[in-house]
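After this come two complexes, each holding chain A, first together with chain B and then together with chain C.
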Partner chain A sequence: MTAPAQARNRALLATAIPVVCLLAWWLGTRDNPYSLIPPPRDVAVALWDLAFGGIYDDAFSGTLATHLLASASRVYGAFLLAALFALPLGMLIGHLRLARDLLDPMFQLLRPVPVTAWLPLSMIIFGIGPTAAFFLVALGAFYPILVNTVFGVRSVEPRLFEAAAMLGVRPAAMFPKVVLPAAMPGIFTGLRLGLGFAWVVIVVGEMTGVQTGLGAMIMDARQLSRTEIVIAGMIVIGIAGYLSDRAVQALGARLLRWSPQHG
Partner chain B sequence: MADTGIIPAQLIHIDHLTKRFTTAAGEMVALRDADLRVGAGEFVCLIGASGCGKSTLLRIIAGFETATEGQVLISNRPVTAPGPDRGMVFQDYGLFPWLSVRANIAFGPAARGLPRRQVAEIADRFIAMVGLAKFADAFPHQLSGGMKQRVAIARVLANDARVVLMDEPFGALDAMTRERLQDELLELWQATGLTVIFVTHSIEEALCLADRVVVMSPGPGRIAADVPILLDRPRDVSSLAFNEQRRLLAGMLHAHHQKVVA
Partner chain C sequence: MRTTRRALLATGLAAPLVAPRFIRPARAAPTTIRMGALKLIHSITPWFYDRFIPAGYSVEIIPFESPTDGKNAVVTKSVDFGTFGIAAAILGAAAREPVIVIGGSCNKGMAVVARKDSDIATLKDLKGRKVAIWPGSTQEVFILERLRMEGMSIKDIQPVRVSFSEMATALARGDVDAYVGAEPGPGLSLSSGVGKIVEYPYSTPMGSLNMIIAAHRDTLAERPELARLIIDTQRHASAYAMSHPDEMVAMTVAKLGMKKEAVAASLNNVELNWQMTPEMVGEAKIYAQQMLELKQIRQLPDLATFIDTRFSDDVAHTA
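Entry: the complex of A and B
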């Protein structure tokens, strides 16, 4: 099979199940005025109105860009903040026995606590508003980055230390010369998962006390029973998260060309 | 004893080397009282069954492990840690997967902080020496096993190692590649005057390569015999003399093996 034909086949396979779901959705909601779930057409119209306005001209019309921008800036900002803490901490825990004994048990205990459980406490600490949302998203991104950085640093093949030592690398230089480059695939996986998690957590983060953002928009729509806008918001988050992940993956394929798993 | 007092220059002195490990089952002697002298430019093969301590001996010379008793002297200086004067070639290559062939070969000179131009010249020279010019920018995972081992050898030579320690370097390669790499290694050795200590469990490989074959035996690991190989080079594996030597060495290895079993 030729490469374009293969790509076409894969695209066809990837869309098969979503198309079936869409069809089922359409069949289940059509000619049913009492359905609580709006039909696909209503969602499509709501999405258009959200993006460009001109159909309903209500509080939601044409606000998509504002909400998307607010959410995206929170996602990326919180992600960067999380990386700023998780990367050095992960390297310390992975590399130094003392840091591992001091910090690892604590993080292992804190890690299973869901981000949603932090919501009330974060609102007390940071007040109701965007700071609490920012904190929750950062918290969500923090653990995947931390855990994978620790793993990456700890799983360096011992043979590489021997190879570097016999080529003249001093023990103090092992970290930058061997550990860091060898840990890059693990670190990168952590960053990718962390960014994905930030998109997952954003709705929870923006659920209370925030005016703009896709999460706030979905919550507002829910209170007004505008379910078509709720679904439109879900679709936008899905697409934004997907595109963001694809961009990170493309970056990884470039930077980690040497790794059989990435290149 | 009427010693003439003329002692040939020995690069490597190994004196009463003993290595004991403490395991859950108690104390294990990996190597007992090993003595060995290797002259500059010599090609010595260590051969023996698994557990005879040949790899342990090599790793102590490399500085990866410390001896329990005795010491290793290189040019009269005791070995305390790994160093660029002793390059190791591992069976599993040990290449840095994130570096290209060129950067792997340049790793030692670059780590020593040589000027960039000089590092590039050294890299080019050794890339050419092992015939990998076309693959200079490839990453290790894109290479065959034979090519990877060529990179590993070039990396050690580019780092100016005087002693090359090889731990069953061709053990994971197919027979054809193995023979070709043996020939290439001999050419490099003859061209550069390196000192090589080469661990193998193949009698034929040892006989193809070595000036001397050191036979080791297990339980506890020790040096059982030190056999000079006086066959002409290049060596003809089908010759009568070669096969006589092979029988002799096989007999030695076998005798020790039987003692252990009994």
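Entry: the complex of A and C
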């Protein structure tokens, strides 16, 4: 089979289930005098109005770019902040016994606490505003990066150390020359998951205290019973998260060409 | 062994014939009415229903966080009746959902609060200040109208999007200069010494209309006796709670976990009721018109059917 034909088949397979779901959604909501779940057409119209305005001329019209930009800046900013802390900590915990004994129990204790449970406390600590949202999103991204970095560092093949020693690598250079490159696949998986989680928690982060953002838009639409805007917001978050993931994947594939799992 | 089996078989077959002589007939299970309520002091009345509901009925209270959730629970028949803000009912009815208002539940419960040490004394002093408002709420509709009456608009203030439960904290921290809140937030700000009341925004044509009791259209058609029963129970329970403020505070603290001092400070701003009076019907219509002008709804609800005062009127005649 030729490469374009393979690509076409993959695209057909990827869209098959969403198309069936869309059809079921349309069948389930058409001809209803009212429905708490709006039909696909209403969502499409709402999405158009959100993006370009000119249909309803209400508080949501033409605001999509503002909300998307606000959310994306929080997601990427918080993700970078999370990576800034989680990567060195993960390497330390994975590499040094003392750091593991000191930090790992605390992080394992804090890790199951849901981001929603942190919401009231973050409001008190950081105040009403985007800082609290930033903190919550960073918290959501932090643990996947940390756990996968620890895992990546700890699962380096012992034979690599022996081989490196035989090739003349000094013990002090083992971490940058052996551990770090060997842990990179695990670290990239953590980064990928972390960015995904950042998009997952953005609605919680923007639930209260911020004027703009897809989470704020969804919560306002919920309050106003505008379910078509809630669904439109969900679709936008899904697409933005998907594109982010593809970008990280492409970056990983480029940097990890040598790795059989990622190259 | 064989004899034992036969004996067991015979006993088993005879048991259904003999048993009814010795077993007392089971009492019919009470009809359970599912009542949706919000986790607010304005919505405390259903927790008093047990004292007034007639024999043969019981009430199961299902608490909701937001008025929209309560309204959706009525529309999906997850509850038989629900009490929530008139705004949620209008939003549903404007979208042609089968939600019908059948009675009142609570008036008042809102306040504009500023820091005690600030120079904000009237609504005009909010100009240029950060004011916490929850978009889409009843309070938002009231404050927009009050601003209009003062010759101002939302552009004259800096609105900050804050949920009701965070408003008192936001004011205490200094994140906002004032807020348009729902009880017990204002009560909490007053009792903690942080806030002062700028005004109760009840001077608009919408009066102090706040919460109502609503039901699904089918419920009213199929079980009208339940609708009458719930309005009558609301009448007794709201009157009891209003005349026993200590019990109202204790119930709110026990069921909703709110601070006693905050609830006590909220009491004079909570007016539990039951009847859908002609004045309230008029206020609800003005309210719907306001929502249309604010583009919160795209069309007015069918006002001829959206409010059904039959049950409330009937209870009023026989009370």
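The criterion applied here is as follows: the second predicted complex is superposed on the first by the 263 of 263 C-alpha atoms of A that agree within 3 Å, B and C clash if a C-alpha of one lies under 4 Å from a C-alpha of the other, contacts with A are read in each partner's own complex, and residues count from 1 in each chain.
By definition in this document, a contact is a pair of C-beta atoms (placed from the backbone, for glycine too) under 8 Å apart; a residue touches a chain by one contact, two chains touch by 3 or more.
What you see is a predicted model, and the numbers here were worked out from it, not measured in a lab.
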item: Touching partner for A:Tyr56 - first (chain B), second (chain C), both, neither; value: second
item: Which superposed partner A:Ala240 touches (first chain B, second chain C, both, neither); value: neither
item: Which superposed partner A:Pro181 touches (first chain B, second chain C, both, neither); value: first
item: Contacts of A:Leu92 with chain B and chain C, given as first, second, both or neither; value: neither
item: Which superposed partner A:Arg257 touches (first chain B, second chain C, both, neither); value: first
item: Chain A partner contacts - residues on chain C that touch it in the complex; value: 66-68, 71-72, 75-76, 88, 91-92, 95-98, 132, 134-137, 159-163, 166, 169-170, 173, 175-176, 295-296, 298
item: Touching residues on chain B, where the partner in the complex is chain A; value: 62-64, 81-84, 86-88, 90, 92, 94-100, 107-108, 111-112, 139-141, 155-156, 159
item: Interfacial residue positions of chain A with respect to chain C in the complex; value: 33-34, 36, 56-59, 120, 123-124, 127-129, 207-211, 216, 220, 222-225
item: Contact footprint of chain B on chain A as seen in their complex; value: 159-160, 162-169, 173, 177-178, 181-182, 184, 257-260, 263
